[in-house]
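I have a structure I would like to understand better, so I am pasting it below and will then ask my questions one at a time.
Labels run A, B, C and D following the written order; every chain starts at residue 1.
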Amino acid sequence: MTPTLQIFLVVSATLFCIGLLAALSRRHAIFILIGIEMMLAAANLNFIAFWRFSPQSQQPIGVMIAIFSIAIAAAEAAVGLAMVIAVYRHFRTTNVDQLDQLKG
Amino acid sequence: MSTAAFVVIAILTLAAAVAAATLQKLMHAALSFAVAFVGVAAFFFLLGAEFVGLVLVFVYIGAVAVLIVFTILLTRRDLGKDRSFNWSGVVVAIAVFGGLVWAIFKTQMLSVAAPQIQPLTVKRIGAVLMTDYVWPLQCVGLLLTAALIGALILVMEEKNSKS
Amino acid sequence: MNSWITTNLWLLPAIPLAASLVILSLSNARRKSAAALAVIGQVVALALSIFAFRSTLQTLGFRSVHNFTWFTFGENALRIGWVLDPLASVMLAMIALVGLCIFVFSIGYMAEDKNFTRFFAYLSFFSGAMLGLVIANSLLLLFVFWELVGLASYLLIGFWIERPSAAAAAKKAFITTRIGDMGFFAGILWLYGRSGTLLFYDHGNGCLESAGLALLGASATCVALLIFCGAVGKSGQFPLHVWLPDAMEGPTPVSALIHAATMVAAGVFLVARVYPLFSFSAINGVTPSLTVVVWIGITTALMAALIALAQADIKRTLAYSTVSQLGLMMVSLGVGGVAAGMMHLVAHGFFKALLFLGAGSVIHGCHHEQDIRKMGGLRRLMPVTFLTYAIGMMALTGVPFFFSGGWTKEEILHATAHWPPSQVPYFLLLAGVVLTALYMTRQIIYVFFGNRRAASQHAHESPRVMTTPLIVLAMCTIVFSVVLTPAWPWLHGYLMGETPIFNMARLIQPTLFVSLLLVSVGIALGIWVYRKAGAQDRHRPAETDPLEYAQPELFRFLENKMWIDELYDRTVIAFAAFCARLSDWMDRYFWEGLVRAVAGLGQLFAVFTTNVDERGINAGVDETTSGTRGLGRLISSAHSGQIQTYLGVIAIGMLALLLLYAWLA
Amino acid sequence: MSDFVDQIFVEAKQRLLSPLAHSPNWVVQIASSLVNILALLAAFLTLFALISVLERKILGRMQNRYGPNRVGPFGLFQPVADGIKMLIKEDVVPARADKIVHFLAPILIAATAILALGVIPYGRNMTPFTIDGGILFFFAVGSTTELAVFMAGWGSNNKFSMLGAMRAIAQMFSYEIPLIITVLPVVMIVGSLTPDAIVAAQSGYWLGMMPHWFVTTPWGAVGFILFFISGLVESNRTPFDVPEGESEIVAGHMTEYSGFKYATFFMAEYIGMFAISGLGITLFLGGWQTPLRALEFIPSYVWFFTKLSILLFVYIWIRGTLPRTRIDQIMNFAWKFMLPMAFTCILAAAVWQYAGRGLAAWLWSLGVIAAVYIGLSILLDTRRKFAPRTYRFAE
């Protein structure tokens, strides 16, 4: 038997939750970024899966959205990491627990 | 698409993801993150979206992962081991997972098999990108430029910095 | 008809006023330029006045009026303007000429004064104001200049501020004249209320012309009397004459210009100007107002002459003689001899200025000694002064034929003699003539004859700058008499608008002999009484006046000006002081209490509002703000800055949403 | 006859796979893949051995000395000796090293290098893995190399390694961009990401002799030069071998490696060089196409490998000739010259395309490129050369 849409969704949900876990339970800022990226990847996986399992009459919308979301995720990652570096320069730490004030 | 491939890829991906989320050494986490993305890309291949898969690999392994390891390098000062673990987050994550899975299995219409399709060629994607999605494309380009400049300004060595 | 001077008559007052402003802005050191400016201004004024005089010779009874609207309130506008007629032009010429002489004189007289420039500024100011007064065609405008000359006299009387007596005199003069001016102003208001116009001549409907007078009706008498109050105050008539002798505290040129020649004559001029008001509805030249004028004048004349008889101060004597002469003019106006009054005014302007300047020269020569009993024998030391002074004295006493004063006094006597109601004024005037001769003779003898006394040891003749004006004025005094003679009464005709007839026969008249007789009697008496004055007589010490030796009480009575000042002190001033004290008390205890009460109310209200504000509004606002702050704290506590907390919350929210949808599906 | 020779390897593969005719589909797939991979490895490891010795000999000749000439005929067995030496050497791992990463790095780098070889058409019907979007695959895999290099630098907990890795990644990143952008015009003109399609698009001749290779067009020529330079950098070859500049940082990210791991790195480097050259050939030099119609009887793969060996000779030649450049100079060159020129190539290609691919079009695009080149050379005045050196990327 071939994998159904459900299974893909379950996988992506798992991936999403792992990302959520990383984002929620790790202190290091980079972990949060990693988690967010993973969640985005899960979302993309969903898009592709839905596109694949839908009747093929219409445009590859899922693929398009996946592409765009990847691009945006790349931008987000770049800016996020830059922010991590800047924050580190300023506070000498990347532990998000200590980064709870707006003014430096 | 074969179940075997699916199972292998799923196991690889999820294992890598878990590793990325839980490993204590940042560097290992980042690398397993890359592996996890390879897995996701493999999923895309499996689903017949080679282009997206390649883009994913290209962007994430080639760019984002390297950026991440670079950041780890530059913020090496408190790199050490990140042992502090927030269990409430785990609880929340598990709860969300449960909810999602419950919702997925509750809806019957999802258990469909993949229809037979003609492969999605790069040509078609390019055509669609340049016709229907040209405005989103331009916007994304603008966004990327802005992000590039913004990131540059953020990490630019500010003159007479206090530190 | 209208040469440019009639339309630009305002230049006459404007030029000296401008000069005074410029001089005021000069520093004290610029004495020469100050004097030069003042004199130039006066010269220009003189030239203009002569020009104006010429333009009035074109026709008989020439009168050119130039009116314009000053400002408008409601629908009726207040109009002012200036008039040029024989009366004005004569006054202009006299004022300008005498003023010029006095300006020149004071260059020498004030040479050592440290406030030289200020003095000339004031002088120019005065002369400008005086000229303006003369040309005014509106009672209001006249009143304005009237007050300006009052101010000028105040400033000049108190010119030597450092002297308390001068300051007191200045105050006295100002206040006393104010009393008269109050009446004057009331008259103006009444007149305006009745006739609706203050213009004298307005082509038929001015207040001195038939239309305006018709509007006035019976109230003309009251208006006239009220205006006469002003005249009384200004020219020192009986009740209000007390300020004039004290005004001699000012510098002598000032006394000469203001308190002898021009300003004090303004009252007479005023009466002459508004004469139609007085003579309105007259029964053969007699109206109640004119009667009042006559009696006041006669009283003043006699009283002043008597007082002058006992004064030791050379200037005070002259001052009282001025008062009496003004009374004389008033009488002549009252009895209907307007022309006579005005002629005497002009003549008196000349010779009284001459006398005062002579006195000034004497004082200057005697190092500012004014007591005639300390002088004597100056005849040789200052001959020019002596001669000019003698001429002035002749004119004043009214020696006929050669001296202007004689002819004018003649005219006045003539007019008075034919006054219908009674002959009493006439005879009283004759007595006055005698008295005048007497005190003038006394003064001359004291000052110029006899042995030298303390002040005249080192006396000296005055410099040219002072003697020249004396000579000029003396000339005027003599030459002026030509146009006054009844043989050819040119000035009379000019003023009255009649062609003078030359008739040598009218030169000799019976009354002439009478006055001649009286004058000679007076002079002779004076010589007999005062021949030994200042020298040791049988039992009389040199200091005591012969009259005093003869009649001590009478002399004391006269010397103290008939106790009039003291009387005023007891009555008027005491009453005024009482009123002041009363109002002070009222202010202190009554009004202040009232004010305090109101203030207390205000404070009570303030306290009340404060409480309302603090307890009520502030509390409410505070409650609101604190509540807001507490809420903010509550929310911000959730806003901990912990990214992961946010993420967790978002996740939970997402879960909830998911479950909801799944449950709904 | 020539067709048979041309297709001999394809025939061989089919013969090999014929026993599995009745087995399920996926078995056949895996089997064919395995065959392809084995063929690739055999071919390119041999080539690697050959080139390693040839390079040494050629360099020796260039430096006026004999290269290795003792082992076997003309010293051709030298690589074998080296290989044996490497295998029996002790494998040293630093005590403070991150063992796992240190171990995984060479494997990953070799794997990616070999993977990249998989999409290049070596001859008619001789593309090991036909992927829609093979070029993209090539770059996706190639970009993984950077990660591997970083792992190497990081894993061996060493200053020099880290510095070397940083430098390597910095310059790889900088040159990856012009590399890809120089590929774009070809993709635009051909309208496909498939290497086969690209090669096919370069078939045919002008005037019967001038081949339709893209290198013959102005944008193609410039693009090829840029591509070649970027390839030099990507494979860390002189004059861009700062990452492993012996004089400064001992051996860059390979400092802490010894024995067979070092050999792996070495091999990966060479294979990456082969791969990039192969891609260059595919994109600009007409792949396995014959330069002259007269020579078509020679098999396609021969042509491919001929071109490849020529390119490799140029690599070696450059290495023997040019000195090592400074890192900041490399960076400036990348961002200030390479990138604009690459974009110009896109423009020129568009002009060429829409002017009708004729002689006029050829001149037009040449004009565009010349204009931009002149403008650039005016802008970047050469006095910059003497600016004080700044190591922004190796701090």
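FYI, a contact is a pair of C-beta atoms (placed from the backbone, for glycine too) under 8 Å apart; a residue touches a chain by one contact, two chains touch by 3 or more.
Bear in mind that the values here come from a model prediction, so they are computed numbers and not experimental data.
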item: Chain hops separating chain D from chain C, counting only touching neighbours; value: 2
item: Core chain by centroid distance, with centroids computed from Cα atoms only; value: A
item: Pair sharing more residue contacts (C-beta pairs) when B-C is set against B-D; value: B-D
item: CA centroid of chain B to CA centroid of chain C, Å; value: 110
item: Chain centre separation (chain B, chain D; CA means) in Å; value: 28
item: Rounded Å distance, chain A centre to chain B centre (Cα mean); value: 5
item: Distance between chain centroids, defined by C-alpha means - chain A, chain C (Å); value: 106
item: Of all residues in chain C, the ones touching two or more other chains; value: 644, 648, 651
item: Per-residue multi-chain contacts in chain D, two or more chains; value: none
item: Multi-partner residues of chain B (at least 2 other chains); value: 2, 51, 55, 63, 70, 86, 88-89, 92-93, 96, 100
item: Pairs of chains, among all present, that meet the touch criterion; value: A-B, A-C, B-C, B-D
item: Contacting residues of chain A [partner chain C, same complex]; value: 20, 23-25, 32, 96-97, 99-102
item: Of chain C, residues touching chain B in the complex; value: 644, 648, 651-652, 654-655, 658-659, 661-662, 665
item: Residues of chain B defined as touching chain C within the complex; value: 86, 88-89, 92-93, 95-96, 99-100, 102-103, 106-107
item: Complex interface listing, chain C residues touching chain A; value: 640-644, 647-648, 651
item: Complex contact set, residues of chain B against chain D; value: 2, 4, 25, 27-28, 31, 34, 50-51, 54-55, 57-58, 61-63, 65-66, 69-70, 73, 119, 121-123
